[in-house]
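Both complexes shown next keep subunit A, but they swap its partner, so subunit B is in the first and subunit C is in the second.
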Partner chain A sequence: MDLTAVISMAIMGVLFAAGLALAHQKLKLEEDDRIEQVDELLPGADCGACGYAGCEAMARALVDGEVVPQKCPVADDATYQKIADLLNLSSDSSSSDLVARVLCRGGKEEAKQLAAYRGINTCAAANLVNTGGKACTYGCLGLADCVAACKFDALEMNDNGLPVVNDDNCTGCNACVIACPRDIIELHEREQKLFVWCLSEDDPATSRKSCTVACIGCGICAKLCDGVEMKEPNLAVVSETNAPDCDQGVEKCPTDAIDYK
Partner chain B sequence: MGFFNFAPSFRGGTHPPGKKSATVSRQVKPIPLPSTLYLPLNQHAGAMAEPVVKKGESVVRGQLLAEPAGEISAALHSPAGGEIKKITPHLTPCGQRVPTIVLSVDPKNTETNFYQPYENLQKITPRQIKERVKQAGIVGLGGGAFPTSVKLSPPADKPIHTVILNGCECESFLTSDHRMMVERPDQIIQGLQLLIRAVEAERGIIGVENNKPDAIKILKQKLANNDRITVQAVRAKYPQGVENMLIYALTGKKISAREYPVDKGFLVNNVSTAAAVSEAVFQGKPLIERIITLSGPGLKKPGNFLVPLGTSFKELISHCEPDEDFSLVLAGGAMMGTSQADLSAPTVKATGGVVVLDSRYLQTTDEHPCIRCGRCVTGCPQQLVPTKLTRLIKSHRFSEAKQLHVDSCLECGVCSYVCPSSIPLVHWLRVGKNREINE
Partner chain C sequence: MELILLFLSAVLVNNFVLTYFLGICPFLNISNRLDSAFSLGMATTFVMTMTAAVSWLINNFILIPYQLQYLEYVAFILVIASLVQLVEMFIQRISPSLYEALGIFLPLITTNCAILGMALFASMRGYSFIQTIIYGFGAGTGFTLAILIMAGIRERLELADVPQPFKGAPITLLIAGILALAFMGFAGLLAV
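Then we have the complex of A and B:
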């Protein structure tokens, strides 16, 4: 039996193994094992809301001291505390608690449809085809780009063709805000209850024709309520986060555009 | 045009059915003045014009209504005598609501207020021509609506040697430029001479697709003794009328996607624009009306019409006996036209035609997976890779799509048209183009 092949293979095997072992020792990459620990503490959705490519990149930045834990809009206070403890950071900066608010209530029942849109089934695409079918050029297109963008199951479409935010799940990560081509989703403080649920700057006549719940800019709420002002000639906005309840304004609004959440 | 078609052209493109026979031999007829005209203040590329009239003011035909605001902008004039009802946001063919001058037309008010006409071509200075083009609010009538006066003032280090007139009209259904060349060849040639004079160019070329032999013949006859202006036939292919494609077909010079024709010393204008320049100079008439084609299977009496700017699409269509079940109205041709959600949108300076389709055209074919046949790649006149771009955009990889030059897309629609899997490629590319990237 010819043993040459077996022996030469064995010798080569030993040599390569020795080479690898040597390389493992010599070229060893020192990595801070805190990166892995921080990564495990982070939510792990890789949503990118922090501006980094994912949770691992964020963890690296945290360990390097580039950012504070609160840069992650998704994690809760307990997580910030844990990360801060791990990295010996002071944890005095408290997080702002933001949630998404869809500032349009003109669904299938309220908003007038001029034409049927038949194209790519996303809001971004429909927004490029004339008015997107709706008479209102500011309102929700109802094709759920925001729902698709949400990684936390915090948005769903209701039967009226409007997205609804589930406050318990919403982390304020901003993904839906970016996804909405009409910019009708905004992040607001969780406590804020009073909103003008419309962003239409159209003149009153057009607004009335387009949608039954549009803000027509009559200004009644701005007169009656603290913290409500006219943002545009034809549009009111609740400009203060802590605006007090204003039952009178809500009641007097001719189109129910201003209302509690 | 024979089986072997050797007329020069560009790389890529396609051959959508022309569908021009319904209107190609119909003479241009004026449309009766409607009772209300809607004149949006942004009928041009650039800054919105600023109104100089007020609600309730009485105006006459040709009177200045809004003046240009800023370098890139254009003036707007009244197409008819009447009273300014209001200035209010109104829907445009693009689907936006922009400030619009609503003019209630008074048929008895027939007075006109045009500019002082010039008489002799030889005595006009280039400056006078540029000034008049600016006064008259002339913009590119091929569809881009870029203010012509801006095009006529190139940077000092980029002199223009060749003025090209675009008589291709490669869009399906449209025949307005064709009729213009057949019915008003003298005006077009005068306009070209004025443009050449304005930019002090050496020569002029009129490029016409070879499916319009009658137009080529007439223009050639008129120019038999002119050694500065030539008429050249180019191959009938879509989108032959794009500036860069036309320059390549006529002269062999390539304009890259990052350059403008002026970078290589070219000025390209539509034949209708040249005619408008001639009218502005020799008749003193501002841009207040244009010739458009009304066509499509949804209209019983299609044709070419001289239309006052601001006439609503509803009014236009009512003159052509629309079918009861017409269902899709496009501002522009069948390839690049924008579908209209509401027919109250008015004719603007850039509207070259209105195509009305019947319900058959609403049946959409199901989209199938890409089979990698590469037809969109060979068809794309900008040499993009629509199938790859679409894959990137579908998965929200917008910055990669930008790196692959999605912004150079002309939105000509060749890729969607040739796709055997019915993938709406051009629509996806538009989504990618319009996505802002914050980096």
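Then we have the complex of A and C:
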């Protein structure tokens, strides 16, 4: 009697196990095993810059052919190549190489301080409290939300209270752009060197008072150089991305707002 | 007719959650949103119906002929565990988002005592094969009904001004008790 119990249970166990193993095989086969391989090739930061929920979701989309590897702004060319080889894609569509640029040079020394902010130590919070301590309402708040958002150690605060981009580490993932409540971080072509390092649209008198390196909208750079124009009445902007040079404008700018990197 | 009565009895009169108080854990834990409550109810109903069928076959073709009824707990748990694994694989493949939403409660269907209870009741009462399947399906439907009612109430409750000491688990338990009282009203409906 005991033996029948043992045997019948053993047989049932083995049968169920076999059934499950079979079902596992059947259901697993449908799952493309390239998904896992692509997932391993991707950077694995799950930063979401591609627009998918994470690297695994991106891997799925890649295998399904919904997206090209270059959609991942973080991976390098070698990785694109490996993924393209794996999925038999043509890899000629090269990525646009974007890096973050902080368009404010008004640090502690240059920008006038109206008040001292003592609150939650983030730019997002400071921005809510009467737009922070600086007189300029366009400039960097200096509380390093962007540094915290960066997953690749590409940003750090300098002694002047401004974030500095380390081009070698920057992957153009857009995380700092989203994190900045003042929207002063933008993604630009890695080659572009010339920028107007200010986004202030204040009138010239106010700009001059609040910051020594503000763009006061005199327009001299726009007059002297192609590829630089007045975006707002009081603000010039480098409009051409293919790296124009503007030595005269840089020299003549009364506040050094336009400059090479 | 008899089968319909059996079904109604399992759904309303002898509701597993609100009359037998089986399967309380998922009932309280997955009932804060209607859609995930419904999915869990469906998964449980499927497992219950399949368990009813397979456990009847095992009971009548293996356990009873060899006089191994004392092993029915072990055998039924084996059936339930395997079926839950199967359902889990299925859901993971068909709807990853649902798989995420149900989380740990999907594998925990294994330890949902309502399912084992259903299988044991069915063998205890000597139901036929068809009866057992109807009973299992009815039990699952009853579970789904109970968890849906609970989820509906709790979704509305989120907007209600619940006194501080009753917030969260206390009010949920109170609702479960009142619901059980309400289901007592079905007791006179059928004499099964």
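Everything that follows uses one rule, which is that the second predicted complex is superposed on the first by the 230 of 261 C-alpha atoms of A that agree within 3 Å, B and C clash if a C-alpha of one lies under 4 Å from a C-alpha of the other, contacts with A are read in each partner's own complex, and residues count from 1 in each chain.
Note that contacts are C-beta pairs under 8 Å (C-beta built on N, C-alpha and C of every residue); 3 or more make two chains touch, one makes a residue touch a chain.
Predicted model only: the values in this text are computed from it and were never measured.
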Subunit B versus subunit C as contact partner of A:Phe16, first or second or both or neither: second
Subunit B versus subunit C as contact partner of A:Leu27, first or second or both or neither: second
Which of subunit B and subunit C A:Asp145 touches, first, second, both or neither: neither
Touching partner for A:Ser8 - first (subunit B), second (subunit C), both, neither: second
First (subunit B), second (subunit C), both or neither touched by A:Val129: first
When both partners are placed on the shared chain, which of subunit B and subunit C touches more of subunit A: B
Those residues of subunit A which subunit B touches in one complex and subunit C touches in the other: none
In the complex with subunit A, residue positions of subunit C that touch it: 58, 62-63, 66-68, 71, 74-75, 78-79, 82, 85-86, 89-90, 92-93
Touching residues on subunit A, where the partner in the complex is subunit B: 114-115, 118-120, 122, 124-125, 128-135, 137, 181, 202-203, 205-206
Subunit A-touching residues of subunit B, taken from the complex the two chains share: 88-89, 91, 94-97, 338-342, 362, 364, 424, 427-428, 430-431, 434-435
Subunit C partner contacts - residues on subunit A that touch it in the complex: 1, 4-5, 8-9, 12-13, 16, 19-20, 23-24, 27, 30-31
